[in-house]
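Residue numbering begins at 1 within each chain, and the chains themselves are lettered A, B, C and D in the order written.
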Amino acid sequence: MRKCSLSVLPALFAEIAKSNTLYIPASDNAGGAKFTKWEEGIQYLDTLNTVKSPKDFFFPHTEDLMEFKVTGKNIELFDIREESEDFVVFGVRACDVKSFDILDRVFLSDPVDSYYASRREHGVIISLACTRPAETCFCTTFGIDPATPAGDISAWKTEDALYLQANTQKGEALLSSVEALTEECDSTDVEAQQEKTRKIMQKLPLANLTTDSFGGGKTLELFDSPKWDELSEACLGCGTCTFVCPTCQCYDIKDFNTGNGVIRYRCWDSCMFSEFTKMAHGNSRLTQLERFRQRFMHKLVYYPENNDGLFSCVGCGRCLSKCPISMNIVKVMKALGGEKK
Amino acid sequence: MQKITRDTLVSKAVSLLENGTVDAVLGWGKGEFAYDVTPTVFETADEIRENFVWNDFCGANFSKYLVSKTRKLEGKILVFLKPCDTYSFNQLLTEHRFDREKVYVVGVPCEGMADISKVKAITGDGISAIDFTDNGLVITTLYDDEPKTVAYEDILAERCVNCKSKKHVAYDELLGETGEVLESARFDEVAKIEALTPDERFAFWQGELSRCIRCNACRDVCPACTCEKCVFDNPNSGAENKAPANSFEEQMFHIIRAFHVAGRCTDCGECSRVCPQNIPLHLLNRKFIRDIDNFYGEYQAGAEVGTRAPLVDYNLDDLEASDVFERRDSE
Amino acid sequence: MQRIGVFVCWCGSNIAGTVDVHAVAEALKNEPGVVFSTDYQYMCSQAGQDIIKNAVKEHNLTGIVVCSCSPRMHEATFRKTAAAAGLNPYMVEIANIREQCSWVHKNMQTGTEKAIILGKAAVAKVNLNTPLTPGESPVTKRALVIGGGIAGIQTALDIADAGFPVDIVEAKPTIGGKMAQLDKTFPTLDCAACILTPKMVDVAQNENIRIFSYSEVQEIKGFVGNFDVTIKKKARFVKEEICTGCGACVEKCPMKKIPNEFNLGMDNRRAIYIPFAQAVPKVATIDPNACNMLKNGKCGVCSKVCTAGAIDYTQKDEIISEKYGAVVVATGFNPISMDKFDEFAYNQSKDVITSLEFERLTNAAGPTAGKLLRPSDLEHPHTIVFVQCVGSRCAACAEKGKEYCSKICCMYTAKHAMLVRDKYPDTEVYVFYIDVRTPGKNFDEFYRRAVEEYGVKYIKGMVGKVTPEGNKLKVQASDLIANKQLHIDADLVVLAAAIEPDKSARSLATMLTASMDTNDFFTEAHPKLRPVESPTAGVFLSGACQGPKDIPETVSQASAAASKVIGLLCKDKLTGNPCIASANELMCNGCSTCANVCPYGAITYEDKEFMMPDRTKALRRVAQVNPAVCQGCGACTVACMSGAMDLRGFMGSQIIAEVDAICK
Amino acid sequence: MQVNEYKPLIVAFCCNWCSYAGADLAGNNRLNYPADVKIIRVPCSCRVNPMFILRAFQRGADGVIICGCHPGDCHYTSGNYYTRRRMALLFSMLDYLGIERERTRLEWVSAAEGAKFAATMNDFAEKVAALGENKRLEDLRCKK
């Protein structure tokens, strides 16, 4: 484990930014935080979660896939993907780091999504342990320890120092590139902080949430629950939960006719949208109840069923604070028996 | 800070449900915390007694729900409407969006609603309890030994800071007393932006709109956006898109959305309340309202049922489009 | 996918002089959907049209783009060509490369480039064209004329003469209108009654005309060719078919002190009355507010004296429903109330009267049997002051007067002044005016005769105040030319009151969805080119309901309206313009926004049951466009937020395709 | 003359009954205006949806002008009055968003005003050219 004084932080960022594009949490000028490209003058913001999760780095909101031109009866294809540059994301919380595992299973299993894979290869994640979880946090429900975040490099920030621990080769390499700014240290301070954080986690209002009644094999039991009706009653069908969610991975592929050719691009889609997966025959889920159910069944039942019991939620709490009508996965889980007695 | 109590609302709802006046009640339902109330349709008195909430976080405007709920329900539905919600209610009636006979409106006085993000900006995250007192909200957090009292004026939602009216313009029954239409400073922000140079205005709006994630929450919550099929969801409209692919798309969406509700927007402020990216969308709508007031005479959408919206009306001597800027710049 | 043929016209050298037509034809060959492209000297010539027809057959064309002169020139020509070749005529689009390209640009390269772009836009549009068929609707061959003044009478007579049945609905017990109250008419000084009453008799005797007098239009539904109208025939308590108009009942009626409307209250009539001797229908009417029998069940004299047995105290209002193909509005005008013009002491002195009252005073059938006597003491007035523009051209006093010129006052005042001087040369006559407006045949000559031959004193200036003092009226006025104040002791002051549309017009306009201006005059379909038609198809305008006008003008407009009605009723079926709006019911919100902007009232709403996307059934209010009424302006398409409303021939997608093609 | 002189692209929506005929008259009288102006015929100015205007800008137009009948002369009696309100509000909103106000215009041109049509187009094209390329309402995807 290595450490540096917090006063060295700007220098550290500058050093990393020399050979990588560096993103750090900074103010979005609207009361929230967003991962912002670091350059001289960008202030690191000590925040818990950014409004949008860092999944954007690997799975951008919109991404051009290819372009084609039609001349007469000929179609010409062009690969217009942007060459991925090396980049580093600093300050990713444990929950968001975990979300990459969930996305990886979707995009990196056969057939591999080369756009995602390429971005994953070029990105280095420096995580950051939590010390002040919010009342909306429930990562522990999904077995995540916010005091021990994964990532290429794990980081802990105390009042005066930043502690760094490389977990992967990419992490090692990055850490060694900033060796001059850091020093070797032991993990005493980190452990103390971890201890404190874990205690807080037990006191959180959502600490009693459990996944016991969910997981693979629960489809028949949960699908026809009468609860879905009242749970989805007020759902507006907007995409807020989906778009702030670090694990939602649905997208639509669309063509944009520029007048001189067609750009085929993909963009995030939301299973809450009435037009979601509309096909030639029409929509597969016609009511908001079905669409609402799909989102939560996917996270809590279908995904774990196909992914060795891994749930597709990391308890980051973004949907809890952003849903216009305050309906969210916690309320859904509790309604369906997800509360420890 | 609400003067009317939860008990008053609950007993009203229960009695109207039990005496058969209504078959369901649209109200605010209990959440995990004090502030995350969810619009809920209650069908039994027990549910109401147990889960009905009335506090300073009951911001949601229920008017729009009446479009779908009156279609779904056989009988009559009770809806609690705050003064600003009643304007949306009237506007929807003007546009024949639901059957007035299927709704029983109970007007609830409102002292202004709180914005939880403003609370958290003061207290920080980790709220474990909220007490509602006369002096303000008393907030207990996981990280502070002593609870903190935050004054109401510091945490009022933006739209409540500039409340346009405490008057209920529609109701079957009123709890407490209705108030007056207020003088508000709601156009000050608009005027400030107008006073910027075009470059500054462009930069300002680029900064704001670039945060848009096109979640459609502003549209989906808007009581003026009740189209059976929105142009932005319709591939044949020429405007359909799912993502803010670039700055043009961001502008297009918000310009057209504001234009479609121009003259119909009651300025209820729901768009800005729900925006996950805190884009001040009300400043687009208020721009249209202010222009309409200036160009064609004061008009408040929803003040009455059956009025003709300014964009479906005209005067022979209306302002010419070429004189718009002169008019504005001369103010 | 369409199979489009492109035909580029040289128009001799008109186009080919600045546009390389071969290059245009060549460039458009590569556009999507284009399977054939050529150019020719004169596409509109027989040979040119044959090229198009042959190409349609040879290449199985489904769409045609002609790059030529303005569509306003030859769109119809090429549509016919397409139809002759078996194509739907609406599958043709014109790229205007003459008026909007070759004629305004000088450089061959620029001209050619622009022509290609305009051609591409037309191709892009045709790709989205769909065959359109005009709708048809039947025509009920009967006309309704609302108002039985000279306008309504003339219109009805002309329509009836053409062989179509006409109904006149008149609110008063008799037809005749304002003209029946007049004495002489300018500028010829014929007696109004002498020229009007024969026409009234013609109406009564015309087999094609029915008169619903003492009646009101209650409801109008439907559209051009197919109006359903409900008429309320008010109870007159006299059986119209039986009454002979002998007048015995009137003579014997004991209720004698009822102000006589026909003489503007300057004398009295009975509770049962015939408005005037030449009334049509000449039948008595009982005034229910004055008749003792109807009010208290006491009297019954008229019933006793009526030998025909026409009196029926139990008569009820009758509701008549009838179908009409056309509706003519001829609701006329009224002088405005003088109540707000205190400065002229109208309400203080009986000797301050309006010009219409003056007409009655000089009329042989009037309250003074045609002798000019002042109302207060029935003395002969020696000094008369006429005040023009009372309430007219009153821009600053909109709350009491009218901004517009009432048009007829200058001439009738000249007439009045002249007649007074003619009959009573000992009378001094002053006319105060702002301007004297005499733009009509023999009008100015007439006015000059009043001044030059009859010695009427015309003074440019306004009367400031009229004060009754003793048996005189002190008139304070200014003479703007002499620039001095005048004080005249007058015996009689006559006010040329502004005229305004009849109050019934507003509610009628609502029923007809016909538009009105801010003064409640009906708006014409086009102020220059369609002056006697309302924008609402099938509704026509006759007389002063459209704007102030004198008798000759009214009669000519009445006849013009009649000819328009005849033109409509001659048709068995109406063929609509197929380029009209239509609502996609699945997307329609039923919000009424489109109906609010429709100038023609073409949009109505229906509750229809729909299978909703969520598989439930719902009753939804959806817009219906009446194809016979819609004119295709497109106002609704932009008002419609959801885009449910689209305009055939100018669909949103077509216009967007043109935009895209131009901006490519 | 410069080889690469900047040429603005201008879309003109013209009402069939007045302005389009006015443009025809300008042609009849051989009155010049820049070829950069491309006319789209609409039945009435009230057919012009703000979406069409934004679409034109998206696709690379540098200026959009809508021409209709003079107030009071609308073939459909009132279409241009609605246009006037819609465009007044839209133009004001675009200005509020920082879009150059000279890029949009609403003009009344009658069928008899060929000269006015040509003069209006000359003037508008000149003003738009002075602004340069439309950068604020463009969609870069369409500029390739």
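The criterion applied here is as follows: contacts are C-beta pairs under 8 Å (C-beta built on N, C-alpha and C of every residue); 3 or more make two chains touch, one makes a residue touch a chain.
Small disclaimer: the values here were computed from a predicted structure and weren't measured.
Participant: Going by the touch criterion at the top, tell me which pair is linked by more C-beta contacts: A-C or B-C.
Facilitator: Higher contact count goes to B-C.
Participant: Quick one: report the Å distance separating subunit A from subunit C, using the average Cα coordinate of each chain.
Facilitator: 69
Participant: Could you tell me the distance, in whole angstrom, between the mean C-alpha positions of subunit B and subunit C?
Facilitator: 46
Participant: So the centre of each chain is just the mean of its C-alpha atoms; given that, what is the distance between subunit C and subunit D in Å?
Facilitator: Whole-Å distance between the two chain centres: 34.
Participant: With chain centres taken as the means of their Cα atoms, state the distance from subunit A to subunit B in Å.
Facilitator: Using C-alpha averages as centres, the distance is 30 Å.
Participant: Give the residues of subunit B touching no fewer than two other chains, as numbers and ranges.
Facilitator: In subunit B, 231, 237-238, 245, 311-313, 316 touch at least two other chains.
Participant: Where in subunit D do residues touch at least two different other chains?
Facilitator: Expected reply: 50-51, 55, 59-60, 72, 78, 82, 86, 141-142.
Participant: Please list all residues of subunit A that touch 2 or more other chains.
Facilitator: 256, 259-260, 274
Participant: Linking chains that touch, what shape results: line, ring, star, complete or other?
Facilitator: complete
Participant: Report the residues of subunit C in contact with subunit D in the complex, numbered from low to high.
Facilitator: So the residues of subunit C touching subunit D come out as 70-73, 96, 98-101, 103-107, 110-111, 113-114, 117-118, 121, 515, 523, 525-527, 535, 579, 597, 599-600, 631-635, 637-639, 647, 649-650, 652, 655-656, 658-660, 662-664.
Participant: Show which residues of subunit A lie in contact with subunit C when the two form their complex.
Facilitator: 71-72, 257, 259-260, 274, 283, 286-288
Participant: Quick one: which bits of subunit A touch subunit B in the complex? Just the residue numbers, please.
Facilitator: So the residues of subunit A in touch with subunit B come to 28-32, 34, 48, 51-52, 61-62, 132-136, 200, 203-206, 230, 233-234, 236-240, 242-244, 252, 254, 256, 265, 267-270, 273-275, 320-322, 324-328, 330-331, 334.
Participant: What residues of subunit D sit close enough to touch subunit A in their complex?
Facilitator: 59-60, 141-142, 144
Participant: Show which residues of subunit A lie in contact with subunit D when the two form their complex.
Facilitator: Interface residues on subunit A, with respect to subunit D: 256, 258-261, 263.
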